[in-house]
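Letters A, B, C, D, E and F mark the chains as written, and numbering starts fresh at 1 in each.
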Amino acid sequence: MVLAHLTWEEVDALDRETVVLIPTGSLEQHGPHLPMFTDSLLVTAVAEEIERRLPSKVLLVPTVWLGASAHHMAFAGSLTASMTGYGDVLKQIVTGLSKHRFRKFFVLNGHGGNDSLNDIALRELKETFASSVLAHKGYHEFAEATIAQVLEGPSKRIQHSCEAEVSLMMHLHPDKVRKEKLIDDGLIPEPAISSLVLTFDEVTDRGALGYATLATAEKGKAIFESAVSGAITELEAIHAGFVLRGQ
Amino acid sequence: MVLAHLTWEEVDALDRETVVLIPTGSLEQHGPHLPMFTDSLLVTAVAEEIERRLPSKVLLVPTVWLGASAHHMAFAGSLTASMTGYGDVLKQIVTGLSKHRFRKFFVLNGHGGNDSLNDIALRELKETFASSVLAHKGYHEFAEATIAQVLEGPSKRIQHSCEAEVSLMMHLHPDKVRKEKLIDDGLIPEPAISSLVLTFDEVTDRGALGYATLATAEKGKAIFESAVSGAITELEAIHAGFVLRGQ
Amino acid sequence: MVLAHLTWEEVDALDRETVVLIPTGSLEQHGPHLPMFTDSLLVTAVAEEIERRLPSKVLLVPTVWLGASAHHMAFAGSLTASMTGYGDVLKQIVTGLSKHRFRKFFVLNGHGGNDSLNDIALRELKETFASSVLAHKGYHEFAEATIAQVLEGPSKRIQHSCEAEVSLMMHLHPDKVRKEKLIDDGLIPEPAISSLVLTFDEVTDRGALGYATLATAEKGKAIFESAVSGAITELEAIHAGFVLRGQ
Amino acid sequence: MVLAHLTWEEVDALDRETVVLIPTGSLEQHGPHLPMFTDSLLVTAVAEEIERRLPSKVLLVPTVWLGASAHHMAFAGSLTASMTGYGDVLKQIVTGLSKHRFRKFFVLNGHGGNDSLNDIALRELKETFASSVLAHKGYHEFAEATIAQVLEGPSKRIQHSCEAEVSLMMHLHPDKVRKEKLIDDGLIPEPAISSLVLTFDEVTDRGALGYATLATAEKGKAIFESAVSGAITELEAIHAGFVLRGQ
Amino acid sequence: MVLAHLTWEEVDALDRETVVLIPTGSLEQHGPHLPMFTDSLLVTAVAEEIERRLPSKVLLVPTVWLGASAHHMAFAGSLTASMTGYGDVLKQIVTGLSKHRFRKFFVLNGHGGNDSLNDIALRELKETFASSVLAHKGYHEFAEATIAQVLEGPSKRIQHSCEAEVSLMMHLHPDKVRKEKLIDDGLIPEPAISSLVLTFDEVTDRGALGYATLATAEKGKAIFESAVSGAITELEAIHAGFVLRGQ
Amino acid sequence: MVLAHLTWEEVDALDRETVVLIPTGSLEQHGPHLPMFTDSLLVTAVAEEIERRLPSKVLLVPTVWLGASAHHMAFAGSLTASMTGYGDVLKQIVTGLSKHRFRKFFVLNGHGGNDSLNDIALRELKETFASSVLAHKGYHEFAEATIAQVLEGPSKRIQHSCEAEVSLMMHLHPDKVRKEKLIDDGLIPEPAISSLVLTFDEVTDRGALGYATLATAEKGKAIFESAVSGAITELEAIHAGFVLRGQ
C-alpha cells in the first residue's frame, strides 16, 4: 500500500505485520550526463515496483529525497541534509508509524552517503523500540552479483553516475540521460589508500566516477530486476517473521 | 526550471536572479475522504504550474513533504516532522543553494502547521544571508478572495479537508477523492476562544473541519487558478527586484 | 496572584483551575522616541492589570523580557533571544508549573516577533501535556477593533513604535516618551510583496514604522482598556472551562 | 545607565568602555517566610544601587530571573531554567551587546545554583570574544567578611532563606517577609560529606537552610552596603582597565 | 610521538606532516571470557606498536575508550556513548589539533559499532577542514586476509569475543582471558536477513559471537602483526602524500 | 574493582552499594616542564590507589581524559572537550551503570576546568536519578590542608603546573618531569579582580602558574597520601550510607 494515497481509516485497517518501506535518496550532482535526482528516482522506482508486487505486505512511505551529500557541494545544484537533520527525518517517520502501532521497518537506500546515517538512526530507534524489527540496505546491494556480471568496464561495482547508474536510468528514465554528455571519469589515490574521506571534487574531473560510456538499457533492466527481486525476498522474510538459529 | 531534472552544468548556467521555489506540504490525515498526501499534492500542483508558466524565472525544488503535524498524530497514518528537524531541512536547502550563489528564495506553503516554522527558519536564515531575499506564504493566501467568493458553506476560508481542499482535489486529483465518504465535520469552542492550541482529535469527530459535501471541481479550478496567478505576481515582483517607498 | 511574591505554601494552596498568565516582551530598539523595553513595559502593564482585576483566577509569571528580535539587531542596544533559547524558557515555565499540577496556561504576547515561537513552543508542549489547556495571543489582538477606530493615521493597525504604541506609552509611561523625537517613519516594498522576511533596517530609516506624531494618551488609554477587557473575557472563558460545539 | 530605558540613539552614544552589568537571579521557593522572587529581588536591588552610584560606567541589563533551580522543584511554585537554556540567554545578551561593540561584561549573580552555569557560559563566550573582559561573581561574595561578622547564628555564611537573606529582605522589601513564619531549618549529612549533589527536599524540612529567626533589617543593611561597595570596587577596576603583574 | 607525554613546546616543534593517530575503542561486554575493555586494549596495542615503529611520523592521541555500544546494554557493565557525544569527542580532537596546525588525521577503530560514527564525524570535519587529510579504518580490516587464513572455525572474519579477538587477547593480554569460560556462541536469522539492526542480546546467549574455543596466542600474534604492518603502509602513504591517478 | 577488566558476569555479581568512581582529567599544556597528560595521570593515580585500598567498595571507571580546556588552546597540543560533549560523556557513564542498577557515583576530578561541568552534569543526572547518590570533588580538595602546609612558595594552594603538581609528578612519574625546564611563572591582575574569566595565555608567559622550582617528590608523596586518605573517608561514608541531622 502507498501511505500517501490512503486515508486514516484505511491505514487504521492495515495488518500491523505490514513492513513499512522507506526509500532514501539524494539530490546531488551526477556529472554532466545524469540529473540531480538520479538516486531518488532510482530508489523510488525500485521501491514502487516492490510495492506493486507485494501490495498487501508493504506500506510505502514517500522517498526521503534530501540525502547526506556534503561531499558533492562543490558542484552547482547539489543539496545536502545536515547529519542530524537527516537522521531526525528517519526517526520521525519510524516514531510516527510506531505510534500507529507498526513495528516492522525497512529503509531502502539509494545513495551511499546515507548508509552510515541510516545505520545510526536505526540503532538509535532500536533503543526506543527494542522489540521492533528495523532493517536497512542499499537497493544495489541486492543486485551486487548481477552488477558484477553485467558491467563491462574495469569497475565491477556501482560507483557514481557510472556504467551501472546510467544503465538503470536508461532503463527507467531514458529521457533524462544526456547521451551526448556521457563520459568515463574518476581518479584514485596512488598508492592505494582505502581509508580516506574525500569529497567528490577531489576525485573526479566532472562529477562522475566510472565508465558511463558503456551503459545500456539492457544492463539497467537486469540490475533493476535483480534489486527488486532481492529486496522482495528480504522483505518477505521480515514480513513472515524469522527464527534465530545457532551459528 | 526543475532542479531535480537538471545536471550540475545546467544549474551552473542559470541566472542567479532566478527565484528558488520551495513547496512545503505534509503527510497527515485528511478525514475519511481525502488521502494523507493532500497538502503535498496540492502545493506541488500549484508550484509545478508556476514553474510551467515561469520556467526561466523560477527554480523549483522538490516538495518538502514531511510537515509539522503533531496535532494530527491521533489519527492513523499521520507523520510529523520535529520542529527542529523541519526547520533544518529548509535551512539546508537555502544554505545549499546559497553556496551555489542563488539569493532569492520563496517558500510556498501548503499546510497551515508549517507557517510558524517557515517564518522562524527564514528569519534565522536572514541572520546569515542578510542581503538575500527570503519570502514565504501559503498558496491559499493568494486565493483568499476567490475562496471567500466560491465557497457556499458557512465557512468562507480554507480549513482542513473542507469545501476548499476537497474542491481542489476534485479539480486536480479526482481519483483520490472518496466521494462516498464526504462529510461535514468540525467542532468549535463555545464561548469563542481564538487563542487555543488544540489538537485535531480535540476539534473534529473524524478528522475534517469544514463543509466537504459542498465541494465541486469547478470551485477547485477557480481556487487553483487564483492561487497560481497570485503567486506568479508575487514571484515576478521578487524576480524583477523592487524598491522601498515611504509609507 | 503574583507568582513572584508568593511562598511555596501559598502556591501549593492555589486552585489548579487558576490560569497561569505568561507575558512575553522584548528588549529592542523602538526608534528615537521610545525606549528598548517598550514591548515588555506594555505587555507587563496589561498583564498586571488583568491580575489586579482577576486575582483569584490568574497566576501571573514575571515577564519573559528577552524576545526574538534578530531583525532589530542593526540598531544599537537591541538584544535577541535565540529561537531555541526563547522556546526553551517558555517550555521550562509551563513544564515547571505542570509539575506543580497547574494545567491552564495563557501566553500574552507583546512583541510580534515572538508570535511564531509562542505557537511552536505551545504546540510542542501540547505533545507532552495533551490534556492541558494552552493558549497564546498578542495583547493588541484583543484591541484590534479599538485600534482601527482610534488611530488617525493611514495605518489602522499596530506596527512598531507607531501611533498605537506611542499612545500606549503616553498613557502608561509618559516620562519614557521622547516627545521631541517623535517621527513618522517606515518604508514598504513597491510593488506590494507581503511574503517578504525583512529586517527593520531594511524598512525604516530610524527604527520606527508608523505615525508616531499622531499619538495621544487618550488613544493609549482606549487601547489599553480594550486589550485588558478583551483578554479578561478570554481568560475567564478558559478558567471556567468550555464545551466544543458542532461547527 | 539602564539599558531598558534608553533609545537606540542613546545606546549608540555610550562609551564602549562602559561595563555591561547582568544580574542573574531565580524564581524558586524560599521556605515559608520568603517569596519565590527573593534571589531576583536581592540581586536586582544590588545591581540598581550600583548603577545609581556609577551611572556613567555601568550599563544595566534587566535581571535574568529564570535561574537554574532544578533542586527546588519539589516545592510548589519553583521554576527552573534548563541548563542549556539558561546559558543561551546569557550568551545572547553578551553576543548582542558585543555586536553593538561593547566589550566589558560583568554577571552579578544572586543565586548559587547559577554559579557553574555563569562560569561555563562566560568561558564559552571567551572562546568567541577572546579580547573582551568577562567576569562573574555572586553579590554576596563581595560581602563575605561582613556576613561572617554580622550573623549571630552558628552558620557564618549565606545559605538559603537564612539569617543573611531574610535580613536583606527585611532591609529592602520588609513587606514581603512573612515574619510570623520565620523558622530555623536545615539538615546536614552525618558523617560530613561535602561532595554530595543534593536536592533541597533532601536537606530541609520546609525549604529553608539556616537561622532565619535571627534576621534583622540592620544586618541586612550592613550586608547590602558591603555587597554594593565591594562590587563597585571590582567594576571600577574593570572599567579603568588593569595590568597583569608577576605573581 | 605520544601526545600525552609531550610538553607544548615539544608539540610545537613537530613537523605538521605528522599523522595524528586516534584509536577508538569501547567498554562493553565481551561474553564470559573477555573483559569489558577488550576493544580498547586491542586497538591501543595496535596503535602503540605503530607509534613505536613510526615515532617521527605519527602523533598518538589517547584512546577514545567510550564507544557506541547501545546494542550491548542488556549485559551488565557495558557503557555506551550517545551518538552525538561520541562524534563530538572526535570532532574536538581533530578541531583542537587543527588549531595547532596539524592537517593529517587517521582514526584507527577497534569496535565495529563506531564505524558509522567515525565516518559521519570525519565527513562533518571535512566540511570545515576541506584541505586536510582525514581517514578512518578498523585495525582488523588491515588484517582481513590473515584473519581469513588463520581462523579454523566456520567463521572466517572477526566477530565479537570470537576466535580472532580471543586469539589477540591471548597474544597481548593472556592474563585477562578467562580460559575456563571460553564458549562458542551466536545465533543468526534464518532465513538469512543481512539488513537487520539487532541488539546483542537478540543474537547471542551469553554475549559472544564466534568460535572462541579455537583461539590461540599464535593466531593472535599473526593477526596483530598483519594489522600493524597494514596500518603502517597506509599511514606512511598518508604521511608521504599521494597523487590521484585516472581510474 | 576495575570495570575495564571485568566480564559482564562479574559486574552482574557486584553489590549495588558499590560506589562507582569516575576520574576526570584533561589533556592540556602544563608549561615547559610537565606533559599534556599531567591532570589525567595524577587523578588516575589517586583513583587507582583508592581502588587498590577499597577493592570491594569501589568500581573504578576508566579516566575521562578529555577535559574542558578551552582556556589552554593557545598552547600547542592542548585539546578541549566541548562543554556539552564533556557533560554527555559523564551522563552516559552514570546512565549506563544506572541501567545496570548501580546507584552511588563519585566523580573524582583532576582538572579545575571540569569543576563547573561536573556540577552541572550531576545536577542534571539528579533530575533523572532522584534517589541515587551523586557526588563530585577535586582530589586536591581532600588535600587542601596538606598542600597549604607543605608548599614553601608564596602560593599555598594548587594552581597549574605549580609547586604542588610538579611535586606530585616527581613522586608518581619522575621520568616525565623536565627538571631542566622548571620555572616559576604566572601573572595576576592588579588591582586584584577575582571575578575575571581569563585564558591561560593572558596570565602566564609560558603556561605554568606557580612556583615549580620548589617542587620535591617528598611534598608530592605527602599531598598524594592526603588526597587518597581524604577521598577514602568520603567514599566509605557514601558506601556505608549516611543520615541527615538537624543543622
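Here is the rule we go by: a residue touches a chain if its C-beta (ideal position, glycine included) is under 8 Å from a C-beta of that chain, and two chains touch if they have at least 3 such contacts.
Keep in mind that what you see is a predicted model, and the values were worked out from it rather than measured.
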Via touching chains, subunit A connects to subunit D in a minimum step count of 3
Note: chains that touch subunit C and subunit F both are D
Label of the chain whose CA centroid is most distant from the centroid of subunit C:
E
Turning subunit E onto subunit F with a C-alpha fit: angle in degrees, nearest 5?
180
When subunit A touches subunit E, do the two copies use mostly the same residue numbers, with over half shared, or different ones?
same
If you average the CA atoms of subunit A and of subunit F, how many Å lie between those two points?
48
Computed distance of Cα centres, subunit B from subunit A, in Å
28
What's the distance between the Cα centroids of subunit C and subunit E, rounded to whole Å?
56
Of all the residues in subunit A, which ones touch at least 2 other chains?
84
What is the order of the chains around the ring when you begin with subunit A and head toward subunit E?
A, E, F, D, C, B
What part of subunit C is in contact with subunit B in the complex they form?
68, 70-71, 83-84, 106, 113, 115-117, 119-120, 122-124, 126-127, 130, 133-137, 154-155, 184-199, 202-203, 209-210, 234, 237-238, 242-247
So in the complex, which bits of subunit F are touching subunit E?
3-12, 27, 29-37, 40, 61-62, 64-66, 73, 75-82, 84-85, 88-89, 92-93, 96-97, 99-100, 176, 178, 181, 207
